[in-house]
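Each structure below is given as structure tokens.
Okay, so subunit A shows up in both of these, paired with subunit B first and subunit C after.
Coming up: the complex of A and B.
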């Protein structure tokens, strides 16, 4: 073990910077999660802002999870599954698509920036695409900045 | 209250080079419920697993989190380890800090912060895991093989050799695939029919193998151990049980049509077998062109058939069978090179492809083994072969190397010289890729012993001058422009996925890559498996393969399939849906969205009102655990073990503990 590193380790501050956006990604375990694994296997680099929550199927991702994530102050949410027609469970992602089409309208209606919510279809063979999706999502969420919608609401009410 | 133990893996330096694993363990100690946390060099090693078991005892741990690689790699390992430590195997969660963290980030601090979040998610989830018991389902001891080329044939023979039943579903009237079209095969030059026909006959005669030719798979449902498959048996208009293949019908049929099997270089009849060694040796009637079917005229075949086997009334039949495992062996098709306008395909009759050439070489083929110019049937003496047509060309063709065109071109050049020692063979190539046993030697021999001229360079244009085909290209080794007046041009076109590959992949729920080739579960460690348990791949449907590789993957896939079938019962994932009847209002919105028909209506007596009412009920053997029902359920009465609402909300809360409202 070289000394350099242990010095650096000691000096790790580990203070998340307040400007850094944090994004939750709900990935189905069959396609998108495996695609993200493949990106790792092929050492595709992408920004570290996205934290993955593994689900069985994108259809398992209840729109309420997205709502909760934003309400709790996460800056963005990504839902990703198999390509339509390739769902491991035949038709799960058709439900996902429908559920979130409605949900997106709701977000619009209450005035949450559309930049905060994303959906993608990434297959188990698309490591490159996953890295690309993350880059784009992070960039878009950054353009919207930190999510203060709900904290502002709270202040207004107080 | 759960007592959680966190074990952070270095994975050698795979994780620790980018993630400060000690820091992760140290901080994890402060997460709710965590009673113990440490780091270790290789958690999956025996000492690593022993460490978990020891710490469970020492610290009275009730839940385990291992922060290491992807759950797809080691979830099973650590579940077993958790069980061996005396805990329910589902009291375990994996935090993926390798594939989704250390391997994709460079900045040590950022990666460490992310790893901490990932571990936080896992600890938030594991505390709320329910104890689950694995249940078992019986296994249908029969393998479905889709495609009857050499890969499907070999797979069926191996399955039968292992004592299990196999069914081959082949779209064409006969099994055999592409290999049946060839004359001889590289690098040993054995005659294709001599090595293929005995295998086809073996398949036909085996008591354990059933053949559905002229048939297609129409629908697949179910799962490993119990796939339910609908197969369409297209109407042959010939009774397979009565026909003995005498051939009287096709000799007498008056309709002559181009033969697909002969690449349209020869003719077939409206009632035909594609080639003489066809298995089964039973003709089909081409309904599009049969005079009786279309005009109620002729009917000769029926009149002359000594066995009364012709049945114009026969209709398609859809049968349903159950299978324990499925092997996909649908092979490849050839790249359509008409996009390369400079090669003049379609414009010049004498510009052909490797498959056309194979048919010409074949002594039972349309030219009786003579190499001729399709334009006038005269012998072709000067033949130019062009390699890499549509391969290694991202812009206009496929980005990949088709792997065998170098070899079959060399074979074809050799056979040309064998058929006619006077003939001249020119081969334009980019590189020679002959990486197989005795392959390099073979290509050398073609040049040294048979005198084929190899030219390194691209062909820029094929055109006609004074009634002769002119091939203009460059030889980059000598740096000269070359023009050859050729009798015949043979394009070594790329091997590509079949046009209906995506449809089949969707039916089987297996992934495919950007080139529509089916994707294996792991490129190195699971080369014939797919991510759908019980579905295996073999042959050229996965990537261009020559016959030795095809046969090897066929045997591998059948061993894997037989391995599954050798179990009386298979465990099924207990992470399935569960209804809370107290909350369920009986609206059955869940039933609407369930893709597996796993939700039934059940009558219960309400605990409070003592009245009868309807609720939803999950059939565990049918539920696959997708969770679509959870999202559909308005009162939140149906939940998914392994991914419960409480767990996922808990994960979200844990992620946002330092975020949000306070900001």
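Coming up: the complex of A and C.
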């Protein structure tokens, strides 16, 4: 990344702005993280709205991480791991899949727009797919707009 | 029924098959019941059985050591099964005196919501069974008595409406954790709600913390909750917690064809998987 920008400029970018959605992306280090790295390395263009968090396996992404991201004001969350059958730990991603199949239903039931939560399988070789996934996810999260779940209430802290 | 129940309890104590029996006794004002622990044969006359035996006594199984006998309704037996599935109790030290149960009522005398769709009037696992003379069920079935009909009203709402609904519920929560304490399956010695480093759930009652707590509680019970409804019964501010648990149950049944509390040999669904699980939501 071009890092000549001043600190001031960067700080400005971190402020939430209604036009620019922010998305937490929890990526398995064995595939999706490497896939995202490959996309960067091969200079694929994709929207800069994702904040990448590297996890040891997609199954490390506790559904609570997803909720906490939304609670803290992020607009969307993406969880990504290896394709089924390709987990570095043999079966981690099967558990991820079940967990989130259920958790996304809970989120929806509680009143969170389904547009905000996404999952993908991206292998270390799929830089193109990663760029494509981010494009789609950003677009979908944008359609749900900024996260205002707790912003109307003043009483809150943290 | 009561005579039989006392007789079986007495036998178990007399033959030293159990050291203590967990059961129900009349409350001080005689109109309700409270849990009781009976250690001697003379004590068995305290045992009672009627439609006010709402408590799920399996809650005490982990704490009472040694050989115990437990008086259990069909739904309570399901939670014993769930505890066995999770290796929390040793079936060999437990004697289940199961009771055929028509329905339980709340303090106003209304039949509990869960009893309207009950499929275990005769419990699914027991050592002794006490049958009722007055079968069949005294519940007149209503049109709305389908298993998941309590969810329909909420499911029909739009997403923002549901958010509103639940926020209005969660803002009442006083974080007494009664729902957790009464749950036989909330047995963690350290609950995530008490962790401080990092602190996942804001401990003071606040909309954010309450929402997070209730999401965590619902999800940690997903695929495990057997719908005894105790959380909702004890909630001092009447949050319809069963509507959360039931939703999880429904989704898991639809996706993984699993019903909790029926088979002690089965793995709970969220520590299990199938290679061909649904994944149409994944890119």
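Methods note: the second predicted complex is superposed on the first by the 133 of 158 C-alpha atoms of A that agree within 3 Å, B and C clash if a C-alpha of one lies under 4 Å from a C-alpha of the other, contacts with A are read in each partner's own complex, and residues count from 1 in each chain.
Convention: a contact is a pair of C-beta atoms (placed from the backbone, for glycine too) under 8 Å apart; a residue touches a chain by one contact, two chains touch by 3 or more.
Just so it is clear, the structure is predicted and the values come from calculations on it, not from any experiment.
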First (subunit B), second (subunit C), both or neither touched by A:85: both
Subunit B versus subunit C as contact partner of A:57, first or second or both or neither: first
First (subunit B), second (subunit C), both or neither touched by A:150: both
First (subunit B), second (subunit C), both or neither touched by A:95: both
If touched residues of subunit A are counted for subunit B and for subunit C, the larger one: B
Contacts of A:43 with subunit B and subunit C, given as first, second, both or neither: first
Subunit B versus subunit C as contact partner of A:108, first or second or both or neither: second
Contacts of A:68 with subunit B and subunit C, given as first, second, both or neither: both
Residues on subunit A lying within both footprints (that of subunit B and that of subunit C): 63, 68, 71, 85, 91, 95, 99, 150
Touch list for subunit A against partner subunit B, complex: 8-9, 12-14, 16, 18, 22, 24, 29-31, 33-34, 36-37, 39-41, 43-46, 48, 51-57, 59-63, 65, 68-69, 71-74, 82, 85-92, 95, 99, 123-126, 131, 146-148, 150-151, 154
Residues on subunit B engaged by subunit A in the complex (per definition of touch): 20, 22-23, 27, 70-72, 96, 98-101, 103-114, 116-118, 121, 505-506, 509, 511-514, 519, 531-532, 575, 593, 595-596, 624-628, 630-632, 640, 642-643, 645, 648-649, 651-653, 655-656, 658-663
Sites on subunit A touched by subunit C in the complex: 63-64, 67-68, 71, 84-85, 91, 94-95, 97-106, 108-114, 118-121, 133, 136-137, 149-150, 153, 155-158
Complex interface listing, subunit C residues touching subunit A: 154-155, 159-167, 192, 200, 202, 206-209, 211-212, 215-216, 218-219, 222-223, 244, 247-248, 251-252, 255-256, 269-275, 277-279, 281-283
